[in-house]
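Sharing a structure here in structure tokens format.
Chain nomenclature is as follows: A, B, C and D, assigned in order of appearance, with residue numbering initiated at 1 for each chain independently.
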Amino acid sequence: MDLSPRDPDWNERIRSSFAAQKFMVHLGAQIAHLSPGAVDLELKMAPELTQQHGYFHAGATSSIADSAAGYAALSLFAPGFGVLTSEYKINLLNPANQPVLLARGRVVKPGRTLTIARADVYGLDDGTQVHVATGLFTLMSVSGVKD
Amino acid sequence: MDLSPRDPDWNERIRSSFAAQKFMVHLGAQIAHLSPGAVDLELKMAPELTQQHGYFHAGATSSIADSAAGYAALSLFAPGFGVLTSEYKINLLNPANQPVLLARGRVVKPGRTLTIARADVYGLDDGTQVHVATGLFTLMSVSGVKD
Amino acid sequence: MDLSPRDPDWNERIRSSFAAQKFMVHLGAQIAHLSPGAVDLELKMAPELTQQHGYFHAGATSSIADSAAGYAALSLFAPGFGVLTSEYKINLLNPANQPVLLARGRVVKPGRTLTIARADVYGLDDGTQVHVATGLFTLMSVSGVKD
Amino acid sequence: MDLSPRDPDWNERIRSSFAAQKFMVHLGAQIAHLSPGAVDLELKMAPELTQQHGYFHAGATSSIADSAAGYAALSLFAPGFGVLTSEYKINLLNPANQPVLLARGRVVKPGRTLTIARADVYGLDDGTQVHVATGLFTLMSVSGVKD
């Protein structure tokens, strides 16, 4: 599997696109790791991210999983192509109330039109790690879109 | 398909559970419709819900779809059972930047342990309606959980 | 949603493509209904389609659901474009051992590159109908492929 | 993750259940590997497994992926519990016409009621390996069912 970036500015492109995602800012998500085909995002626990029992809401978990997978795909796109999530599926494995949620997005199969990625989300607490969710994502490259 | 509620207080239970979901409050989601096996949620467009191109972030779209499906399932549960999303899959059909996003959650098959629901999300703008997303959800009933 | 066929020979194209699917012949599947954006396939119960408890194997159920969704998509493609399943998700709602399994494939959103379809599978027995499965499918149109 | 079998006869149980799956026999699938939480199935190319372009039909690919995931789950069940596929999602990554299709089912999270597994399918040809499909599966344990 070829994971060479086709855009020499891939790193900067992801950072500026991420900074422009107001929804990620609203959740408080941050970039934890960037390499070609692999992006990690993290979210610190906060009351406004919880559901009725005090755990991270599945919507928060899925949102960072989706963005991690999407940026992992975008890291391999040629300049001038933007990324859209076409569809995804996620299994929520364990409820999470750890201080940090880490989503690891990884490209499974890069492609000109469609890129398939997976994302695994972990709850991190002082050296322990719980597997919170696993998902599969189809990302579409869209020409003429600045990302 | 039997869609009779088993909890006479199902309506009040959903309203108080929803009010306790701080994540839904953080997004600004509101209940638009409640009936047994059918729950609609809506979200008004706001900058903090957007991705880098000014459309609703897929995470926001998915979050209200998930909650609509989850509450549609919960509306049929017996007293003393809470709801957890086990997994879901969503197809994002069209980018959305309408003033209102409406998620319609509908039970497809109620069950003692697992309930299957679908949700369709529409972008509403002055009488027009765009199909934004469609998803399938597996909800689990959990005993001894207040919801 | 525009469901006008772009290939005047769409009906004949589906019939000849289906006849060329040796796997469908091996299972014994047959076309039950064809209209633009809507294809029904049926499978008669036979021992070689069962799992260890005598029910239709999920693989048989999914196979006709996938083909019904794929041909529903193909019915709307322009001449010279073939169809490939990119991904799907299916929920198995009830075990099925009825005499006939009917898969109804319906286009949800036609597109130039990607078409989204759903399929519902029913077990039919002397006037009764059981909902056996529901799924969502992403179909890709591929140019230069005879179908 | 605890992958200790709870049934001392897990190996024999899977072999006899698999032999009873007439659909797997009809496709020509065989067990290639068995260990607790990990089952590989293989399928040799044959005309009756193909779609209209001579590739393995997605239904054949998905069927062995589903069975590999299901038996990986069953390998960890206590005696007296059978397995049912509740739902799955599969991404078809590459068309496959290799001599052998190998599906590797692996448990991601074992559970009393629900077990989550993934399956990856590879096309094998004389030392080369192509990633054909990747999927996520929810398997349900059902008491009182002989498997």
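Keep this in mind: a contact is a pair of C-beta atoms (placed from the backbone, for glycine too) under 8 Å apart; a residue touches a chain by one contact, two chains touch by 3 or more.
Chain by chain, the UniProt names read as follows: A, B, C, D = Medium/long-chain acyl-CoA thioesterase YigI.
Note that the structure is predicted; figures quoted are calculated from it, not measured.
Student: Greatest Cα-centroid separation from subunit A: which chain?
Tutor: It is C whose centre lies farthest from that of subunit A.
Student: Taking each chain's centre as the mean position of its Cα atoms, how many Å separate subunit A from subunit B?
Tutor: Taking the average C-alpha coordinate of subunit A and of subunit B, the gap between them is 22 Å.
Student: Whole-Å distance, subunit A centre to subunit D centre, using C-alpha means?
Tutor: Once rounded, the distance between the two centres reads 29 Å.
Student: Could you pull out the residues of subunit B that touch at least 2 other chains?
Tutor: Within subunit B, the residues that touch at least two other chains are 86-87, 89, 91, 116, 136, 138.
Student: Chain adjacency by touch: line, ring, star, complete or other shape?
Tutor: Per interface graph, the chains form a complete graph.
Student: Considering the complex alone, what residue numbers of subunit A touch subunit B?
Tutor: 17-18, 20-27, 47-53, 57-60, 62-64, 66-67, 82, 84-92, 95, 145, 147
Student: For subunit A, which residues are in contact with subunit D within the complex?
Tutor: Touching subunit D: residues 89, 91, 93-94, 108-109, 116, 118, 131, 134-136, 138 of subunit A.
Student: Can you list the subunit B residues touching subunit D in their complex?
Tutor: Touch list, subunit B to subunit D: 86-87, 89, 113-114, 116, 136, 138, 140.
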